[in-house]
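Just dropping this structure here.
Per-chain numbering from 1; labels A, B and C assigned in written order.
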Amino acid sequence: MQDAVGKFVLLVPAFAGSALIILILTFLWYEATPIFLAPQGGPSIVIQPIWDPNRDLYGIALFILGSFICTFLAIAMAVPLGIGAAVFLSEFCPPRIRTSLRMIVEMMAAIPSIVYGLWAYIVMVPWIKNSFAPAVQSNPLTAWMPWFQGSTNGLSVLAGGTILAIMLLPTVVAVSDDALRSVPSSYREASLALGATKTETAVKIVVSAAIPGIGAAIVLSLGRAVGETMAVLMVTGNSLQIPFTLLDPAYVMTSIITNQLGYAFVFPLWRSALFAVAFVLLMMSVSFTVIAKWFVKWGMKTRGLV
Amino acid sequence: MMTARTHQIEVYDLSTWFGPKAVLKNITCHFSDNAVTAIMGPSGCGKSTFLRTINRLNDMIGNFRMKGRILLEGEDIYGPQANVYELRRKIGMVFQRPNPFPMSIRDNVKYGPRLHGVKDDNELDAIVEKSLKRAALWDEVKDGLDEPAPNLSGGQQQRLCIARALSVDPPVLLMDEPVSSLDPISAQKIENLIVELKKDYTIIMVTHNVQQAFRVSDQAAFLYLGELIEFDKTRRIAEAPADERTEAFITGRIG
Amino acid sequence: MSSDSCATSGAANETASSAPEPEIGPTRRSLLWLKSQLLVKTRREAKDLLLKILFAITTLIVILPFFLIVIQLAVTGLSGLTLDLFTTFPGASLTGGIRNAIVGTILLVLVAGGVGIPLSVLGAVYISEYSPPGRIRSTVEFASDVLAGIPSIVFGAFGFAFIVVFLNVGMGLVSGGLTLAFMMMPTVLRTTQEALRQVPVSLREASFALGATKWTTTWRVTIRAAFPGIVTGVLLAIGRVMGETAPLIFTSGNSLTTPTSILGPASWVASLPFTIWAYVSDPRPYLQVKAQSTALALLVMVLAVDVVANYISRKVTRRLV
């Protein structure tokens, strides 16, 4: 009897999570539908680049592009660095140093995004404007590169991508490190017994065996990068133009919502368009979660690890 | 080919320590070519350490120390000139629990040759076939070479590990209780395989199973508490052990 | 590691063998190790060494920002970390302290935790102890993972549209706290589930063998054993939620004082992250410095929670194992 009651009582909270997702999905969709149905909008707003609510133009493609570029930049920097550091921590680092380093990494993961944003705003942005851009544009080796062109005040795709990368690194490192360490040492021994060096073993055997976990971490990082709000908001410049170089400003999906939802709320179409952006964000993050799970399953199967 | 050396592996006065703890004490012996030498003794007590000292796998353990000399083809494997990676190519190892890499069967066997410079795909595939045939596994897997290796049964996995070890053509094979984690039928298959392989390889096999040592080996070494008590032809030891400790082990009074 | 462990030998053998070599001091040993690493003979060994160095450098690059950030905040913000900062309200000209934000953050965390923690912990207990592995469990786990990945601004937009407007709760403590609760739930659920999973089955079985019911076993035995793990998960979630800005921008309002009621305009509440955001966006220069001091305070608070959580979890693993 006691068990039956207990079971029932616990059932409710268990489903709170699922109920919440359905609620969020429904509500966002409800708020977003008007713009998809309206003549000024329609589903094609996803590919239209002009955003000007005053003239009834609600193209959100610009923000999707901005998010895409910043995320791509962030992942391109965070993944190699993160995996490299994880390999060092798990395969080469002496145990005592490893504990301290892991502690630092975990503390980095705990730093709030507003703090990262603040630091990026007061340190990174001026640095890009005063040191990086001039240096890279005057040095003959790099001055010709198309992605370094343009004048900038520091608020740029580069700043956004870099601070995003810094924020993603702790998770990539931690998850990859755990994945690498859980690879059984018998594989390493077999590799060494065949005459491989430690780095060959690390790269060809250990990393390869840990790919399911590492890959999932990367896909989840994609999701986090796309959804990151405050830090990116403070350093990307929020400009309604397409970024063509690393030094150009951009406008990402999370920023437009944060900046305009307050004002837009009383204007139905404007508000609906912003919710449409939120809905796109939601869809993307759900997709990344699903892809990450599927990737782990696929990775394990091809390695025969069940 | 090689010079006319009688013994590929010669051990002189080998002692090892893990930190302050002495594991092997003053071991001197010569392993005969193209024969199976069993190293037997009670569980623990240095047999695996001995094996891993020969292919320098113990280098990985921080507080490992050794004294004495081990010569492979006349060269001291711990000498300043020694190349440990080349050494491990010449000395293959099969472990107690089968440990195929989480990759396809083909990639498992290709791994070794690739490390040591073989790049041509055709050559690699030929090596894969040759190694799997030598390990008596080819017929069972030849149609599924790209299947993940861990999907094989225990006995098959161990034969794959043998094929993997053979892929770099090592003159010496070290086997650390290769069948102790397998079912009796697979175990027997592999024992027969080992007897076949000795024609082309020098095999050093650790075992704590006395009957197995008698079945499979030509020479036997009895290791007790880190000391080499007896080392002679298996038949002689089986029929007339010289030391009472050897006799106690063989008859099962200690083990 | 070697599978050898000579059970009996030990002391008796040490004297029998030849004397071990003299102990080498740690500095000499590190130098010898360094020398052995640099002694490369073949191209493969050179590649090996180069890669090792590369990996080490990568690690240094990865942890560098941590020090840069802490140093920057400390250098500029430390001077502002006075007792006044924590005890006074900002006042209309924002020249005072951040007491409103500190109290506000604590209140918000209390509301969020009060709603989120029981729901998630109980939910995790259910799917871990009561539900058979199957559709229900995997659905709840899937929902949890999806929730964990949803961006914070989406929670903010949802909180605004649903709680503030649709349910007509209005901005303030309740709306802000609930939105934060939604964000906490997936993490607490997963960490609690993991902590419960780590409790050995034999513990539960021993309890059943003594005749206890499932309910008693779960509460008296399993949860007690998993408690430190659960606490760690809760603390980490709290640390995360303390630093969230986006969910609060449209749901908590802002205030120069502490809220005096739970609902309505008097429930508008400030928070540390929001204050940082507001000060940075403000043109007045003295607020830039205040923003950094506030950020430093927030950082210290969050890291403290994190350190405590890690300490607990480390103490536990030593006990259970």
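Heads up, the rule we're going with is that a contact is a pair of C-beta atoms (placed from the backbone, for glycine too) under 8 Å apart; a residue touches a chain by one contact, two chains touch by 3 or more.
Note that the coordinates shown come from a computational prediction; the quantities given were computed from them, not determined experimentally.
Of all chain pairs, the one linked by the largest number of contacting C-beta pairs is A-C. Among the other chains, B has the CA centre that is most remote from the centre of chain C. Distance between chain A and chain B, defined via averaged C-alpha coordinates, is recorded as 49 Å.
Distance between chain centres (mean CA atoms), chain A to chain C: 19 Å. Looking at chain A, residues 197, 200 sit in touch with two or more other chains.
Looking at chain B, residues 85 sit in touch with two or more other chains. For chain C, the set of residues touching two or more other chains reads 1, 44-45. Residue ranges on chain A touching chain C, taken from their complex, read 2-3, 6-7, 9-11, 13-18, 20-21, 23-24, 27-28, 31, 80-82, 84-85, 87-89, 91-93, 101, 103-108, 110-116, 118-119, 121-123, 166, 169, 173, 185, 197-200, 203, 220, 223-224, 226-230, 234, 254, 257-258, 261-262, 265, 274-275, 278, 281-282, 285-286, 288-290, 293.
For chain C in complex with chain A, the residues that touch the partner chain are 1, 44-45, 47-48, 51-52, 54-56, 58-59, 61-63, 65-66, 68-69, 72-73, 118-120, 122-123, 125-127, 130-131, 136, 139-140, 142-158, 160-162, 165-166, 182, 185-186, 189, 213-216, 218, 236, 239-240, 242-246, 249-250, 273, 276-277, 280, 288, 291-292, 295, 298-299, 302-303, 305-307, 310. If you check the complex, the residues on chain A that touch chain B are 184, 186-187, 189-197, 200, 204-205, 208-209, 301-305.
Across the complex, chain A is touched by residues 55, 57, 60, 85-89, 92-93, 95, 97, 99-103, 111-112, 115-116, 147-151, 161, 164-165, 168 of chain B.
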